[in-house]
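Structure first, commentary second.
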């Protein structure tokens, strides 16, 4: 398929950047195609690993940024084993994911999460804002009985939540537009798929891939990792749903009993914790390929997810245990973690939650796979 | 062998002719198409055939034993072998006959493989019928074959090496060290050929340049008393045959003698310039010039084509070393064997092919090598148009694989490795340079694979194409447009420098070489070896061996090995003092010869002379050593008095008749 | 014992061979003395019946000249063969087909058409043709059929000896006859004359340079031949090298290049082809175009040049009608 | 002039021996196996001329056998080398054939009656030979050899059939290994190559040894050869049926950082040749060759490659298949590969797969210094490419770097030249 | 392969060893296909081909005769092919005068590398001669004196 567009080489030393991000296999790959062929995910839809590495080698920045392949990959490591040049294609995919995250982000702001110094600074700044926010808006801390509401009233929370939500939506929109523009130019150039296909693919991917990760299931012996990942996903959804229900029932006075959002929150929390701890153990074991080398941006996501999860539990425990002071402190910590999570979401590893389904969507719409 | 007549006495016992016919399967080559059994049965019924057999490999030991026993058992006096062509195994089977006590020249080979099974495999019946006819014709000819006595000629213990490039030097050195006298004739004013200009040859370890190799070999060859070097010299005439060639060599004038101290004054005054062929067209040189630093012989020379003989240099030369009316001299050499190390020419793209000749930014691989070598025009600095190029694009297979209308079809073997080597040198010297390698296949075979790996490691960008790239030369910038076949994208690469990776072609004077030395050329235009695998360094003409890139593209190391191999063949020849010559020479029947002189006048080798008999009449006489066995005199002799052994009228006419005795 | 009986006969002949016999001059008398001529139609009134009456083999020597052109010739020579012990083919026509043999280059129909219709001197509107059988006022006339090809004698009957030449020189004739009469019987099929080509006995042979290289070929009438130098080297076709010697080079001495009447040497299959071969070999032109032009200019006629006497022997005979 | 020893009777060693002997120098040709001929004897046709391999090899073998200056020491090994250039003392052990070579005529009767069947190394185990055997019909020397490990007499001292039936009474069970000492001026090692067929990658990734219809290129060469186990018929190992299509996979254990970084130079052209042989005799069989860079670099190679594409309709796919899975019932093989010219993942079923396996040199234990890339070290890759760093010792053919037959022959002649210089000085 | 009456012409070829015969071998090794109607007689040089051979071939029923040698300047024996050129030019005229069609006798220069040309010449000549039909010799007992 000859795309009529001319790809002028503007950024020849793209390889060095990606090598810095962990893709030093780029200096080895001689394009044999074994990685694409061994990839278990290629069975359903070609994961063009080799083509992407070649685009990197050639410095075709726009092509690389528009390539959905990194998002189809689950970093299972089969390709690293069979590569005759030991070029670790898996790690190159990971490097490209990071590179895409950076370049989709506004003003490439995401690169701060790949540099220890910047990351620390951003953490401090967010903590200050968070604490300041809490300090300004917090009510008085009733010590004898646990009254979360008085400590930080739910209205304020809801307002802050709304602000953050708006922030998330706006920033993600910009990032997605970037992503669409690059992907359209790379693989969708001159192609137009019927609307029906867009819609049908959207729902198929939403259910099959986003929510139930069917592709991760395809390989036996990896079910543990599958359940962990499902746990984390549904954890976030349920927690988000919990706050959502809480917010809606308050603002519209639906009078949903308190326990419903709490229960949903707890289940979500359990899922999140299960997944988080599973990945934590893998990260320390360093056995599975994806866990062999953990960089800052991996720890960042794990820490925040676990942090908010554990702090959330502690809050509920202390709340039930009526230990007000502990509850408030941990509630503060919990809010802080959630705040970090949300603020850094569009720029950190967490954003793969959005990018992956969209990449799948664009790929399956534009790259029609003739069987 | 003195020049008396080749008398064929004791002709084969004229009693009954007993022929043995042997049909070979050659694995499936013949038996896969031709019904060998049918051919054998047919042969059995032919008159005078006493034994007809078949075997899977006649050329193998069991096959040969089959013949040997038959000759003894059935007292055969003629043998017909239907198998592959004579050039493959005639010597083999002649040896079999000789061992069985039969004269080796009563053998007739008929090539039912190349002549029938391999070319009529779609029509097995017709192939079998044709095979039968061919066997019948062969039997008809064999019936009249006569035993011939081997003739031997004297071998002159000297070898001629044509070409003073790396392969010629390697051959000369080996033969000289083996103790034979060697004469090198080099067309150019200096030794070393293209190898001397090839700059650094490796990437890691001790740095080796083409010039180092040439200097090493030249120093050894120069000091060896057995070697005589003639530069600026050309072979103009070759007579005689294996073991006894008479070579006429024209020593072109250098116009500068050895009083020259290379002070260079003459160059300043010389008004005429020409493109410098030692720098592959980069920069110019004067009519009087020193080919390159450290060349041997390290003497200035005047190029007669460009020099206008104005005489300015003569006036200004402090040593009076220039003599403009030096005449060319001619010498003759008597040698036993000849090694053709005549080398190759780099492919010169026509103006406009990939933008060549339209912009200084488009150069060939050879020009790049000159730019990058320390003794090059820019002392190793890669400067194009005064600037250091950042984006360098190599385009491979220029002039090969039919990538452009003007290109050859064959692969020039070593340009992938050579160009990746230069890419690595560029990366080493200018780390920030972006190097693209636009290629079809990367053919870095054998140990050269590490060049390819090192290039990838140094982030050379490999762009694979199926359709040839297009180079557009704008006003000041050059763009290479190509469709990368493994990512299916059409790329436009802005290039500060485009290097056309050019392959090798036969030298311009290949036509003269062919007719001078009577050697053939293959489909690719290079000299054709007798057999690609049986004898890769021998030509079809006896006593002439082929070294280096004369037979086809090779790397410098392979050329040196081929040089030694050719030397080995020459040494086998020169280590004997007589050599057996094919006895298929012309013989005169004095009872028929009327002395009309027709044959004398048409023999190209002057091998026939008229001898005055006592009774005053004249009769022709053939000198077997000069006669090359072409048979032209036999066709012209009006009284059928002169006949070529084993190609006599009585041996060919029956073959013609046999075609129709179905 | 009684004088050997001799028969002489002539077929498609120009009478030159008879002249040659007469040219024996005085020796003719010795001949007549020595033999008893029993059949010689041209000289004396012998009729076919006379021959038929003789017993077979009663004639010692039959000397036949001329090619076999008509059915009658065929019958007569077969008859003579039956009647005589030795048959001698006398002269080029009997030996090789001779000049009349040149007709074999054309199909029979074309010859008759030309002869009886197209020839400029012929007026024959109603295309009258000689018929094999015609009846003129009640009487039947027969004419012998005009054979398809003219055949040399040995293609009709078995010939014992040949005396070549057009005509054979008197000395050769005498030498041959006297040898036979004296009982020196040479091997069957022997061709009298020398076993080597004319050059061997030709006086101009020594004048040949070592290398015969003809810059240009010329027709005899285009050049005044220097009688003291080999004619071939002067650029004119001389059939000497390819023709049997034994004629003492009469033509050469008469200033005319040899035209090959004594026929080919032994071992040569086709005199014309061999002549073409040697002439082409010594012409020193390597540019094909120039060579073709020269031949064109000369009006190159290979049959006429090389096959003057031996076309009947050398021709490729194809079935007529659909052949060409 | 002192004699020269050539170790290894393949085409390279044979050529060196002939070129030395033609110069009047005595040559000892030491060959480990019972017959000279080497790897080339196992080939059917050779690229690019498609000459039958034995048509080129056997006459040279016969020339060696008949040459008065060459003494063949078949079925012998070099034990020890000492001395220095120009004056080596080499101990050679003549392994016992248990057959008296002076009497044996190579008639083959013993092979008929020998009961013990052994996988035939010459046919790479595709067929069987007897304990007493002649490697191949055109062997030189054409003498039988008893393989002691499988001979029932030596293992269980029963049978002795060969002794009973041998018309020439040539069997001699008491034969002992005989050590001889030779004084030579130079030694040329031409010990040839073997396939890297024992690497785990073959079995794990491509199922060689696990799946019946996966062959190495040498095995396939024997299959296609008229003198092979099936007489040239291409029959699947699983069901003996003619395959409908065949896949060749290039660069197996070549250009692979894990065991062989070099390119083996010959497997691309070998596969193209075998593809043409298949297409020529069985036009109904489809042939696909999976390659990365089709290395047709030699003289006449590119024209051969072009003919394979245009004239013989062989399909070339630029890709290196990742793995092969066997369909249990049909024993067909599913190849998973990415067609890099379409960047498309594909799984395609083939009835037979041939792996173009890389080569490694057969190294004559410690006599020759070996480089870190398995091949023998050379003194100077440019000026003395056939000499090993030890003076007087030469390494040629596949031993010093991967190369095709013409280059092996040329190196044979070159080594002969260098050795002859040494021999003349001594 | 033949048209209509299934007439298969027989072409006698005189091939010189160094050029045309090597081309015939090359056509073999390259597995080129051409009609099996040619019968090749190998001589060392095309200069050895005596016009007598051509005539004898026709006299014995050859439907076509091809004399093939090296290109001018290529001859292994300096100028053997030049003599062939001169002989065959004369021979062409002679054969025409004897009533032999022009296409039945050809002279070609075919070098050792021109296997393709060899195949083209043979295929074309067989086709042309097939159209002309058999030589059809008159039934005459032709006596040849040895």
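Just so it is clear, A, B, C, D and E label the chains in written order, and each chain counts residues from 1 on its own.
One rule holds for everything that comes next: a residue touches a chain if its C-beta (ideal position, glycine included) is under 8 Å from a C-beta of that chain, and two chains touch if they have at least 3 such contacts.
Everything numeric in this text was worked out from a predicted model, so none of it was measured.
Central chain by Cα centroid: B, whose mean Cα position is closest to the mean of all protein Cα atoms. With centres computed as the average of Cα coordinates, no chain lies farther from chain B than A.
In terms of C-beta pairs in contact, the better-connected of the chain pairs A-D and B-E is B-E. Between chain B and chain D the centroid-to-centroid distance comes to 30 Å (mean Cα coordinates, whole Å). Here the spacing of chain D and chain E, counted between their Cα centres, is 45 Å. Mean C-alpha positions place chain C and chain E at a centre distance of 32 Å. Across the assembly, chain A contributes residues 1, 28, 30-31, 50-51, 85 that each touch 2 or more other chains.
In chain C, 266, 268-269, 274, 277, 281 are the positions where the chain touches two or more neighbouring chains simultaneously.
Within chain D, the positions touching two or more other chains are listed as 49, 51, 255, 280, 340, 342-343. Every pair of chains in contact is given here: A-B, A-D, B-C, B-D, B-E, C-E, D-E. Residues of chain E that touch chain D in their complex: 29-31. The residues of chain D lying in touch with chain B in their complex are 11, 19, 22-24, 44, 46, 48-49, 51-52, 54-56, 58-63, 65-66, 137-140, 142, 225-227, 232, 255, 261-265, 280-281, 293-303, 306, 318, 340-343, 373, 375, 381-383, 385-386, 401-403, 405-407, 409-414, 416-418, 420-421, 424.
For chain E in complex with chain B, the touching residues are 1, 10, 12, 18-19, 21-22, 24-29, 31-34, 36, 39-45, 47-53, 56-57, 60-62, 73-74, 76-80, 83, 87, 111-113.
By the touch criterion given at the top, residues 205, 251, 255-258, 292, 319-323, 336-340, 342-345, 347 of chain D touch chain A in their complex.
Chain contact summary for the complex, chain C toward chain E: residues 105, 148-149, 154-155, 189, 266, 268-270, 272-274, 276-277, 279-281, 283, 285-286, 288, 291-292, 295, 300-303, 306, 314-320, 322-324.
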